[in-house]
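We call the chains A, B, C and D, going by the order they appear; numbering starts again at 1 in every chain.
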Amino acid sequence: MAQRLKASIVGVTGYTGLEILRMLVAHPQVDIAYLTSRQNPDTPIGELYPHLAHLKLKVTDTDVETVAKKSDVVFLALPHKTAQDTVAALHGKTKIIDMSADFRLDDVATYEKYYATPHAYPELLKEAVYGAPEFYKEKIKKAQIVANPGCFALLAQLMLYPYAGLIESVDIMAVTGSSGSGKSPTEGTHHPVRSHNMKSYNINIHRHIPEIIRTAQIETKQLNFVPTSGPFTRGIFATAFIRTTSMPTKCSTEIYKDAPFVRICKEVALANVVGSNFCDIVYTMVDENHFIAQGVLDNLVKGAAGCAVQNMNLMFGLEETLGLSVLTPVYP
Amino acid sequence: MAQRLKASIVGVTGYTGLEILRMLVAHPQVDIAYLTSRQNPDTPIGELYPHLAHLKLKVTDTDVETVAKKSDVVFLALPHKTAQDTVAALHGKTKIIDMSADFRLDDVATYEKYYATPHAYPELLKEAVYGAPEFYKEKIKKAQIVANPGCFALLAQLMLYPYAGLIESVDIMAVTGSSGSGKSPTEGTHHPVRSHNMKSYNINIHRHIPEIIRTAQIETKQLNFVPTSGPFTRGIFATAFIRTTSMPTKCSTEIYKDAPFVRICKEVALANVVGSNFCDIVYTMVDENHFIAQGVLDNLVKGAAGCAVQNMNLMFGLEETLGLSVLTPVYP
Amino acid sequence: MAQRLKASIVGVTGYTGLEILRMLVAHPQVDIAYLTSRQNPDTPIGELYPHLAHLKLKVTDTDVETVAKKSDVVFLALPHKTAQDTVAALHGKTKIIDMSADFRLDDVATYEKYYATPHAYPELLKEAVYGAPEFYKEKIKKAQIVANPGCFALLAQLMLYPYAGLIESVDIMAVTGSSGSGKSPTEGTHHPVRSHNMKSYNINIHRHIPEIIRTAQIETKQLNFVPTSGPFTRGIFATAFIRTTSMPTKCSTEIYKDAPFVRICKEVALANVVGSNFCDIVYTMVDENHFIAQGVLDNLVKGAAGCAVQNMNLMFGLEETLGLSVLTPVYP
Amino acid sequence: MAQRLKASIVGVTGYTGLEILRMLVAHPQVDIAYLTSRQNPDTPIGELYPHLAHLKLKVTDTDVETVAKKSDVVFLALPHKTAQDTVAALHGKTKIIDMSADFRLDDVATYEKYYATPHAYPELLKEAVYGAPEFYKEKIKKAQIVANPGCFALLAQLMLYPYAGLIESVDIMAVTGSSGSGKSPTEGTHHPVRSHNMKSYNINIHRHIPEIIRTAQIETKQLNFVPTSGPFTRGIFATAFIRTTSMPTKCSTEIYKDAPFVRICKEVALANVVGSNFCDIVYTMVDENHFIAQGVLDNLVKGAAGCAVQNMNLMFGLEETLGLSVLTPVYP
């Protein structure tokens, strides 16, 4: 049996941090080193989150250098911009899986345009590996810094990749659950309305666009992206209308044959992936230059924490599915 | 045809204010005079609330004296304490229907205990009439100030009244929708959790308790009241376990025979009243001293705006059901 | 004041029939003549549907000829095929508003292809008027038979009409609430899964397609239509990606200036129309040949019963909005 | 490392069967022997349930004798009455965990009264052990047949047990999610209404009552039990008003100190247990003879499949929490 990993979560009290913790508790090779949060020094996690009352774990305000010393891997669940400085502080001291957007884009100008903030560490950008295991497995295995993909972005990339290089245009309508908005209440997540509402936002300006177009090998103007909030808690349901210059030569089941969490299906349903690390995709050919792709994933799992743990497994030479294959979709 | 009424809503932008407006739009004898809000001077209501984009109405920050001059009746949808001063300012100048708690209790000490704020107008308290049309119809007809009941409180009173004077003890478990928390997002109304949660709060200290015990003719210690938040938008579903000293002598259908919005049923279901002014109640006898009552109403309609319009009808000699009977429950 | 109308609903016990009844109760010029249902002879409607317990109305199994004699207008809320015979039986004896699909398509072959059943009354097809008031107001005014549009179909038509004749291709993703599936429980409406699910069905073969393409002036192959079930009760939220040969010359607000229930908005949200007869639409130009349209309506109101009552108003020379403008969206 | 168990699920295609499978997939010491279903001979489970498409498991119609031969333990997820015969057929050939009600009650007459069917195996009734690990741990360890408790019943027992022998009367109002109704669509689980409804059923005649009163040491007439359906998928939220003859002498944390899945809390919330095997309980003292208990559990986990796996662990000398402690509540 391989040596056990010591893992820490910096910023554990947000939904992404909590979900990483849920994954790590299910992981047979991981021990928790630190759970940190600026706001909650030295509090049993069960006091902050009673659903975790059984865990004998404390949230602390430990400085990241100390965290790094005792950790084989640190998951950063921090807002963008804050994450930058923390990655820089940890760099070289431990392996890092950054859940923020700060190291997802390899181009500083694009980052600064979409996130409206300077990027202080362009040299680290070059070193960071984009954490989509389906596309960059070998790089991830050797990475010191992994930038975990955006939830919409990973789903769209998995859907579009079989057409990469052939796409003339693509129109995506993607509906997300409310957990994607994080733990802070806002007008958009106010239950009296959200419970039976649908509403689009950030049409064609959403921050996940540069991640998508890079993998799809298209320019911004070839993509319409309509993110939409839906009346459910977990998951994204995306529909893409794809026009291509020619038929893809390789079929999707072949492309994803080594991707244990991508299931190519006859039809997809959001409820089939909730709670699990699966991404289900169905492709329908309209005609030889025209396709409809539909995909679903749990935004907090495959769209965040599950993908991060999958990356961790790769970074440490563990079985890619370890600790994740036990998480069967919670159905119904 | 009677002369048309000019009605204003002070504090229109909260859920109660909006719902009064929905009722008044359906009322055949009412014209809107003013819709006011401190926060939104001089804005078309459709800009604040796009679901009202078709209404050619403006929200203004008009002072209440001006409002009073042009209004036969003013609905005050303000927070408690603020409402006090406004009622005092309007008193004698127009008829007032106050949606706040400020004039519901006839006892200053009780008010100050439950609302933790002084009552500056004890003399107005004496003049205000408690706006439960099922119990105080004649007084409401002559009232200048009507204090509209709390949503939990009205439901519980309607359920318990047939046992008033006979109650040894009563235990109530009441589940409310998220619209009862108002339009401001809070942790308790955050959709990711609220969508599938139930949680009790303010057990035995809820502010509606003094309204309930007065009508039920009991003391606080004879009541357990467990308010609970539920994963739906509109409505309250209440279950009361009632122990009595003897059988009631009058049956509930008889007691409510002149109450057009109370329906004594064989069973109740929340979905049967949503959007309407109905309160459905079922009584089950366990044994001759022991009863189970269950009741439902839409907290924003019979529990607030609908009851207010019913009071308005009474205050102006209109048919009690006018403008309300057209609001069939929205089913499904 | 105009003479009051006597209206009947044949097949009142389905969701469409119930919703027509809700509308008619709110209508100031209508009296109910008959409510019929094969399954429930001679039952107070409140026994079948306790939310209607206050109505002193009976459901009967009256034959349609008798219904016709006492009715100025009959709403048929029957399954397709059954509706055909009933329309034929009633024709010439009363005005008919048919909620089924049987008289929506002017082409027998298309009907028979999509509905897999013969059409026995091709001559009546020619006489029936398609009940989209926004496009056929004058014809509806004179019609004896109005075929009320499909819910998806009307929404798509309202969204696409400003581009009619200019459309190269259009891709529609439309999410519908569970009430669209009717009152009979099925696997697709089973709450444990539906409550947090999204799933597409009948992609590019949905029966509303021929209604859509006729108005949009396109052929089937120019349209992709992805109907999708969503986890809410009422409403449809549709997104259309439209490619055109040129810019439309007339703007949508101009096109719909006489359509009292079409609101051209800056953004649309499902919750803004629930319970009401409004259809909200927003148009976004991507470039001069490429547009995104988004639209919402309540499938049971503007998508069925509300549109039917709007048609009734037109057929009898009443104000188009009569009885409908009092139905403000139920928000939240 | 202990030898691995071979487990089978008879009747895998219902919600309980599926949930046992979810638990077993997460269990480090279990291999699946057979998954059986009468309706679906020889079908990959992923065809029946696409959320399980990744599992290389077949559903077969294997006879139970063959199942028994290859299984250390068989979970029976069958309807009551059918379960009886299957338990009899398997008895002595393998260990059995029966999810039905057939062996929960030790008294034939009570069984026959509540389930309206004869009990054909009274001698097996005596042998079966009631599978509430918190009360019968030692017996379960030695049992050949374990009768897994009803979901409402286990929750109520866990709430009431600290008062057993002292209870004068208890009134319970318990709200359950729709998954408790099973996988077959019915009127009560029809999404258009269930999504925002609450409704009680089987008041004081629910079949779980005899399980509850046995543990609480009361007679039927001392209990009011109001089961209620709520608008969510998973979980039960129960409130009990308890009157006692005296104060309990032992505190609940002491009573449950060896119960790893019972968490005595300061307050309970349904969302805190969903997906997990926890039962959270809070006790509030009103006065020395009067208490309010509130409890929550996931009806499919602690209320069914999770409790069953906990029983399996005990029956085979495994750590009680094995395979269950990795299932952190799915929050949010």
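As a working rule, a residue touches a chain if its C-beta (ideal position, glycine included) is under 8 Å from a C-beta of that chain, and two chains touch if they have at least 3 such contacts.
All figures in this text were calculated on a predicted structure; none of them were measured in a lab.
Novice: Between chain pairs A-B and B-D, which one is joined by a greater number of C-beta pairs in contact?
Specialist: Between the two chain pairs, B-D has more contacting C-beta pairs.
Novice: Compared with chain B, which chain's mean CA position is the farthest off?
Specialist: Of all chains, A has its centre farthest from that of chain B.
Novice: If you average the CA atoms of chain B and of chain D, how far apart do the two points sit, in angstrom?
Specialist: 41
Novice: Measuring centre to centre with CA averages, how many angstrom lie between chain A and chain B?
Specialist: 46
Novice: Hunt down the residues of chain C that sit against at least two other chains at once, touch-wise.
Specialist: Residues 15, 179, 183, 192-193, 195-196, 231-234, 267, 269, 271, 331-332 of chain C touch two or more partner chains.
Novice: Touching residues of chain B toward chain A in the complex: what are they?
Specialist: 15, 177-179, 181, 183-187, 189-196, 231-233
Novice: Along chain B, where are the residues that touch chain C in the complex?
Specialist: Per the touch definition, chain B meets chain C at residues 15, 18, 21-22, 25-26, 28, 49-54, 179, 183, 233-234, 260, 263, 265-267, 269, 271-273, 275-276, 278, 280, 325-332.
Novice: Could you list, by residue number, the parts of chain B that touch chain D in their complex?
Specialist: These residues of chain B touch chain D: 171, 173, 175, 192-193, 195-200, 203-204, 221, 224, 226, 228, 230-235, 237, 239, 241, 267-271, 274, 284, 286-287, 290, 292, 294, 296, 331-332.
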